[in-house]
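Okay, handing you the structure first.
To keep things simple, chains are lettered A, B, C and D as they appear, and every chain counts its residues starting from 1.
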Amino acid sequence: MGKGRLEAFSDGVIAIIITIMVLELKVPAGHSLGALLPLTPVLLSYVLSFGYVGIYWNNHHHMLSISHRVSGAVLWANLHLLFWLSLFPFTTAWMGENHFAAVPTAVYGGVLLMAAIAYWILQQALIAVDGAHSELRRAIGGDWKGKLSPVLYLSGIVLSCWLPWLAQLIYVLAALMWLVPDRRIEGALEHDGGDPHG
Amino acid sequence: MGKGRLEAFSDGVIAIIITIMVLELKVPAGHSLGALLPLTPVLLSYVLSFGYVGIYWNNHHHMLSISHRVSGAVLWANLHLLFWLSLFPFTTAWMGENHFAAVPTAVYGGVLLMAAIAYWILQQALIAVDGAHSELRRAIGGDWKGKLSPVLYLSGIVLSCWLPWLAQLIYVLAALMWLVPDRRIEGALEHDGGDPHG
Amino acid sequence: MGKGRLEAFSDGVIAIIITIMVLELKVPAGHSLGALLPLTPVLLSYVLSFGYVGIYWNNHHHMLSISHRVSGAVLWANLHLLFWLSLFPFTTAWMGENHFAAVPTAVYGGVLLMAAIAYWILQQALIAVDGAHSELRRAIGGDWKGKLSPVLYLSGIVLSCWLPWLAQLIYVLAALMWLVPDRRIEGALEHDGGDPHG
Amino acid sequence: MGKGRLEAFSDGVIAIIITIMVLELKVPAGHSLGALLPLTPVLLSYVLSFGYVGIYWNNHHHMLSISHRVSGAVLWANLHLLFWLSLFPFTTAWMGENHFAAVPTAVYGGVLLMAAIAYWILQQALIAVDGAHSELRRAIGGDWKGKLSPVLYLSGIVLSCWLPWLAQLIYVLAALMWLVPDRRIEGALEHDGGDPHG
């Protein structure tokens, strides 16, 4: 039951974050196709962030489906993750409205980095509470994606001062890396006889 | 459980989309009835989009009620659908504020078209994961509504350059077509001995 | 299960409606207590509407807790109710920002009236689908509150042209009438051996 | 079931409150790091309020997990709490945009105080409905945190006229006091054989 409400609350917050980002797509004054063109960078950054928030929801969903208990620490680690995710609409709009300029691109990467760290902390808290039998611990294995992501975001932040477009490319590649289905957790579920599609 | 969270997350996003559209109904400066009149086109486009989002929620609800498993592909197909639905508030406001002008009407139809395609992809993903026994596959049958809708939206997009009012009429008719209760799925449920009112 | 998602979706929409109303409480420019004073009418109309939306959520909750089946008609009647509720933030802000002027007060009452009618339609749809054994039908009995409310809103609409403050008073009294706990439904639940606190 | 919907609705409202607060972090015009600096007080007040809303969600979650029944009074006490929480985005933005000036700091404390009182009322309503066997009553024990908080907020309100920074410090300390895990309720659950991590 505790897990259920944690999922419900997280679903709610993530659903709102993913949706209010679109409010930054301000309705243009004119009604020609040309009036729509200046919105392109805002739309592109919206697509990128929609992807990232979707990935977080997806991973959060998988991670909790193979966790069995939640503790006070888990609740706070979860809120900490939601805090960084809640800054996505701001950094997304700032980056889009400034056509992927250097500083907004670095700040965008900074929030990506903090969210990745917060996700890792939540993962550790969930593993700790399930103890030695943690299915999640077995499922994540070496967790190379979780380890590579912060490195990618950090490179993006550093690069954004000189080559903001390369930073963007790195953010896109990091997202695509997560889009590839994660066989580890689905595999763990199948071995356990659970619903393999979580 | 996976299905439950997919439904809960989709409900959350769709609930927010349907509700933030109303934020485009900007409070007018004056307090006479005349101050309200200029809002009429915005209100009308809100009513149309409220109907469409309601239809999507309704169909999504029915579709998932007769699906039994979700996969990673389903999760992403669902997010893809939610992405196009999330653009409704923008296109609705743009079309309404420009009194159903040609380009906004075409762009509105374009998002309707993309959402219809995304819905179809999600439907196929759900059928694929349930395999040969898919209740959903039997229930949708020839799926003439699903096949006719994109054609209607396409005609609307093409027509909007010359006869935007006709495009609007087509969008309204396509919505009404969906409002008529879908006996197929309810019938399938009844044959299965499930709750016929899903 | 269908009922569960109907409740979840309605909860989501009502939760968003009740919360985005507060966005009309625009942060004032100054930082003195005097800068807060002009917000008083907006705050008062917010309190009134918060009460109304709370009442609708409460009654919706009770009504569905003693309904057993939902149909396509129920889904649409529910969306119709949510549509009128979704106009509350608009009419609330318009009425508050214009210090309860005549026309905004009448329009506010008009939306109250339409929501009351939509609620009645939903109630009838729920009774129809449960048929002769409808617990809801027994529970609402003479439904004097449901019958009196539209009359009160109508009087408010008519009166608002001459005595807007009296219309406001009527809206407040109608809300207070609903705040008094409804023993009928709780009683029905108790007779049924269900959880009397539903 | 009644409890389930109360939790779901509260989760929805709290999720929206915690998320729309971030909309006050207005995207700055420039794209330098300097353009971000003026947002610091708004960000800080957002962090504080995010913490408070998180604490309320957390405590609400724990409180309901050891309550067994809900009544009409509970529903209204809950809405009353949500009302005060819904004012957080407003007071947070007002305080942040005015760099923690005296009056906004006092008003912020006033809403904290009212929310604390509303929480206490909800707690009493939940204890009353579960009667003599109330697990919640045993769990909260002396409830020193619940008793100390209003005193702290009151001191903050009074102090804000002379030493607004001290009022802020008190608000921060009161939040930190709640962040320390509450062993009482988790302990009660463990004695009861329930899930100790609720």
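Heads up, the rule we're going with is that a contact is a pair of C-beta atoms (placed from the backbone, for glycine too) under 8 Å apart; a residue touches a chain by one contact, two chains touch by 3 or more.
Predicted model, so just to flag it, every value in this text is computed and none were measured.
Trainee: Since subunit A and subunit B are copies that touch, just let me know if over half of their interface numbering is common to both, same, or not, different.
Mentor: different
Trainee: How far, in degrees, do you have to turn subunit B to put its CA atoms on top of subunit C, rounded to the nearest 5?
Mentor: The C-alpha superposition of subunit B onto subunit C needs 90 degrees.
Trainee: Averaging over Cα atoms per chain, report the distance between subunit A and subunit D in Å.
Mentor: The separation of the two C-alpha centroids amounts to 26 Å.
Trainee: Quick check on subunit B: which residues sit in contact with 2+ other chains?
Mentor: Within subunit B, residues 8, 12, 15-16, 20, 23 contact more than one other chain.
Trainee: In their complex, what parts of subunit A are in touch with subunit B?
Mentor: For this pair, the touching residues of subunit A are 7-8, 11-12, 14-16, 18-20, 22-23, 25, 27-28, 31-33, 36, 47, 50, 54, 57-58, 61, 65, 179, 181-182, 186, 195, 197-198.
Trainee: Under the touch definition given earlier, write down the residues of subunit C that touch subunit B in their complex.
Mentor: Residue positions touching the partner: 1-2, 5-6, 8-9, 12-13, 15-17, 20, 23-24, 69-76, 79, 82-83, 86-87, 89-90, 93-94, 97-98, 101-104, 107, 129.
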